[in-house]
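You will see chain A twice below: alongside chain B first, and alongside chain C after that.
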Partner chain A sequence: MTASTPTPAPAASAARRRLARARRRQSLARSWAAYRAQRTGMIGLVLLGAIVVLAIAAPVLVDESALSVTQATGGRMEPPSAAFPLGTDEVGRSVLALTLWGSRISLLIGLTATVVAVVIGTAVGVTSGHVGGWYGWVALRVSDWFMVLPSLVVAIALLAVLGRSMATTIIVIALVSWSGTTRLVRAQTLTVQSRPYLERARALGAGHWHQMTKHILPNVLPLVLASATLLVPSAILMESSLAWLGLGDPNVVSWGSILNRASDNGAVSAHAWWYLLPPGLAILLVVLAFMMCGRALEAVFNPRLRGESA
Partner chain B sequence: MLSARGLRVEFGLPGGRTARAVDGVDLEVRPGEIVALAGESGCGKTTLARTLLGLERATGGEVAFGGRPLGRSSKALKAYRRQVQLVLQDPSGALNPRHTVYEAVAEGLRIHGIGDDEPARVADALARAGLRPPERFFLAYPHELSGGQRQRVVIAGALVLEPSILVADEPVASLDASVRGEILSLLLRLKEDAGLGALVITHDLGLAWSIADRIAIMYLGRIVEQGPVEQVLTEPRHPYTRALVSVLPNSAAFLDGAAEPVVLAGELPDASRIPGGCRFRPRCQEVASGAALAVLGRCEGEDPVLGSGAHAAACHLVHARMAA
Partner chain C sequence: MTADGPTPADAAAPSGAAPSAGRRPGRVANGFGRYLCKHVAGAAVSLLLVLFSSFFIFRLIAGDPIDQLTKERPVSPEERAALRAELGLDRPMWEQFWDYIIGTLTMDLGDSFQYRRPIFDLIVERLPATILLSGTGMVLAVLLGFWIGTRTGWRQGSRYDRGHVAAGLLLYSAPTFWLGMIVILVFARYLGIFPVNGMRSPSTPPQFWPQALDIAHHLVLPVLTYTAVVYAGYLMIMRSSILDEIGSDYLTTARAKGLRDDQVRDRHAVPNALLPTVTLVFLAIGGIVNGSIVTEAVFSWPGLGSLFVQAVFYPDRPVLQALFVLFSASTILAVLAAEILYWFIDPRIRKS
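== the complex of A and B ==
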């Protein structure tokens, strides 16, 4: 529409766009100030930043050959030493290297599964809230159904059918976790739906697509962002659980798969705490960091929570 | 010209009852004319307006624009909406808080794919709605404006599509008294300068008096009296209109001599239980005082029709007096 516009004064419209961007930056700065005011949120953010930097820098810090079973240099389940600060596993690989490299897969699967789940959840939530009628009813029942299913059991069953790989793990985690977002988005959609500006848009002749993308979605997205941040830790936990149960991709190292190998190879009876604690604590830290960030974001974007968290 | 013929809107209620929110309304709005639609809250004014705009489906009768009945296809409705636009009561809620004034006004253009010269059209609409210089308001957010300015933005958003009729639902009810006059004079100026027609919904007869050419009084889903605003308010015929006018603080200004204030008995009945015969009979002061004894049988058994004529009332007593 605007692309074909023969603008009379391109300089003026460019200036306007620049100003519009400035206004957007301003509102972003407001949100950031509200976020920064929350101590736990900032601690979570710093923690998360450190973990992400370590995950990204893993190939620089430790060569990938450290993950190779055949090129392992250490002995069987050696306790921590100068050469292996966190000891070794049953084939002599450094647990530190494994944990560092495992963070990449754990974060990758957690984030990707969350993105998929949030996209499905938002799409179903907005359409079911906006369109309503039969479709809305059916969509709501389906999401209810997914919500009451025991997610781990379903995930195990699905993985057994679909096979073990990173892609299937992501799909399965997304499938069992989209319904919560749907609920949240649907509720918010219904709230926005009753605002007079949607009535005005309809009177202007707006179709469903315009109403959903221009009015409902922008009002729903901040909440979605907050809930997505809270969904990441549960996706990471789910991935770890599945990998620990031996349902992870056998070709990659994640925190869950490290724990799986540890328990399979008798690390518990060998009192090899250095083999169990690092991946376990890493999971705990990441989950904690995401939770802190998510709670803070929720408080920023959900005005009803702002009072109590300030 | 926007017109409604025998328009009915019914809502299903729990328990299998139906509420007849609009129950057989005939109404016309021509370009260059302001029609006021007045009545108590709950009498179906807003539902009527929404149905005229195609936001609510009529269960009976039809809405026609320019003589052609309003189609139900989304394409026909979209074309219709360039011609008839809505101004809502609460301008704070009618604007998306995340959209700038420019975006809010340009929204109609974007929906209808009118791409040429968008900034100029937006600026023109804002200027016509009295926001000058328009460029100063382009990037303002609704919360940075006053109530009156917001309502002007809403009006500009309607004007940008160059409609021939505006439907305004209580356009000044949520505004300060000082701003009210400005918005009303804006509507009058748009009528004078651009030949815009307007249906102004209000519960305030004084407001109707000051801006409308014609007035329609609505009671329980039906128009009970209709005519030129001076005639209807100075010589009200229907007992309901007489009661409404008699309790205006300065009713003497309208009527010849101060009228005894008439306080209606009871409350507005439920739209799902509209009384048989004349729907106003249970609260009618003429029935209560016995003045309507001669036509009481018809009041109880027969729904009075509005009739044609420039000034018409749906009342058996009025009809009988006119015939006599």
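== the complex of A and C ==
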């Protein structure tokens, strides 16, 4: 190739952008076809869609006053009846309404914490893999350290001193879960780094920022998406464990906090199965749905697992 | 084989001459020494970071413990000052930090606010219960997970495989505390065949055998819960490890020798597949601590996990701090142990 590369005229650059977009659309269509071929992944997606729709529609389906302790209409831990399809809690609120509304907080905390964790993890992973040197070494050590520490212990300790609120819960969960993403992204960055097209970009004078955002990040993102989908269930489980232990925000209703009230008020010894089953099954279903989607995405984007469909 | 010159470490040929036999162990020990130093130093830095961060979290972020200690009754400023002096809070921060480091290293962890007793004694008292519960649970989970994982990976795509993977994922998705509550509801409340919580009943005669049986009886439900949630992780680890081996040439060779299918699996595939799982099992020790905290809290099991949870709500800050360091240190040391063990079981690592 000679050095007579034409300087990109506006029209040429627009054409190139169009081409890039078409290519992206094509690869997206390919990934979607590969995803659709996996039955568990599709079941997970449908399940997840249904749960998200219910969570968004909760205010339409049940009025918020159903959560109020003072306006409760039922008796103490009544078994399921026509008026209360899933029975009532210790102050007479409908367990169905609580579970429906609880989905909003559980999903919100799980998703937000995951987004924060993944953004931190990706930023640290790409920069530490790309820049390397002293900074890369320190970043690797710190993320290793977070990886080894027992996450629940750190989360409980931090919540005990920071106080209980939704914001602290999100921060604490993000803090104990970013390191896995960092490791994954760093390893992927290192493999991308050694490919010829990055050398070409460097030779053409691309700066670090350009290399990281235009060349490394697009190659890392699919794997990040798969691992983020697998991070959401562990964030939701972590939130529910913390809330069950009594470390959740006392002013909101999440699945974990419903179960916390259930065990504090002796639902187990009262044989109030209707109080225990709905929130727990809800957690189980959401976690399962995210895991099914995440495993399917992983199979699509991780070539090592290709051909293996569970 | 010549006496001098570098010999590949993995060439496990019988050493011929006496001088060579004398030199080789030394060389290997050298490599091992460097490997050991590197990992021990890494673990030491991690442990120091734990000490720093625990001081940071519990003394700097958390407010004045005097407010928490005296929350129910009014205190005069003199009393306050006396209490501060007693706890050493009136001295400069760096002096407190130094005392804390020395105290932790010499196992002098201070007194619990809640029990008014040395924390060290509390830990010694409750450690056996935790080890009994999480040790039994972990061994069962590893054995079960590896046993099923080997067979599911070996027959990938079969109905057996799909069924076990689905069951494992289902249990893995269940929150530990909720599963515990359901298990109590079914087996202790409805069926009444196991105790609801705790580790022993007060009415049991004090002799050894009745006590042991009573503890075993109390142990069943917590271990069941714990194993059910954890084993799926090991199943998936072992399954993917077997899948990595399944296309290997040495398995074809073994089959060509006329070995039966399960012989090929157990004598050839499994030993190789076990190798990469060792570190993962040790790395999962953080998860074991997590699981044991929740399980102990559900079943009121008198171990370190329930002590930790109690300390959060008292709040008993010295206990929180000590257990935070203990839990974190034990996971760091477990990972170190895995790295050392790996040197002996995987010869490939010795070359790099």
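Operating definition for what follows: the second predicted complex is superposed on the first by the 286 of 310 C-alpha atoms of A that agree within 3 Å, B and C clash if a C-alpha of one lies under 4 Å from a C-alpha of the other, contacts with A are read in each partner's own complex, and residues count from 1 in each chain.
In this text, a residue touches a chain if its C-beta (ideal position, glycine included) is under 8 Å from a C-beta of that chain, and two chains touch if they have at least 3 such contacts.
No experiment lies behind these values; they were computed from the predicted model shown.
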item: Chain B versus chain C as contact partner of A:214, first or second or both or neither; value: first
item: First (chain B), second (chain C), both or neither touched by A:19; value: first
item: Partner chain(s) touched by A:196 [first = chain B, second = chain C, both, neither]; value: first
item: First, second, both or neither for A:280, with chain B first and chain C second; value: second
item: Touched chain A residues, chain B compared with chain C; value: C
item: First (chain B), second (chain C), both or neither touched by A:269; value: second
item: First, second, both or neither for A:36, with chain B first and chain C second; value: neither
item: Chain B versus chain C as contact partner of A:145, first or second or both or neither; value: second
item: Complex contacts: residues of chain A adjacent to chain C; value: 141, 144-145, 147-154, 156-158, 160-162, 233, 237, 240-241, 244-247, 256, 259, 262-263, 268-269, 271, 273, 276-277, 279-280, 283-285, 287-288, 291-292, 308, 310
item: Complex interface listing, chain C residues touching chain A; value: 42, 45-46, 49-50, 54, 57-58, 61-62, 156, 161-162, 165, 169-170, 172-179, 181-182, 184-185, 189-190, 196, 243, 283, 285-287, 289-290, 293-294, 297, 308-309, 312-313, 315, 320, 323-324, 327-328, 331-332, 335
item: Sites on chain B touched by chain A in the complex; value: 53, 55, 74, 77-78, 81-82, 85-86, 88-90, 93-96, 98, 100, 102, 107-108, 110-113, 115-120, 138-139, 141, 154, 157-158, 161
item: Residues on chain A engaged by chain B in the complex (per definition of touch); value: 1-2, 4-8, 12-13, 16, 19-20, 23, 195-197, 199-207, 210, 214-215, 218-219
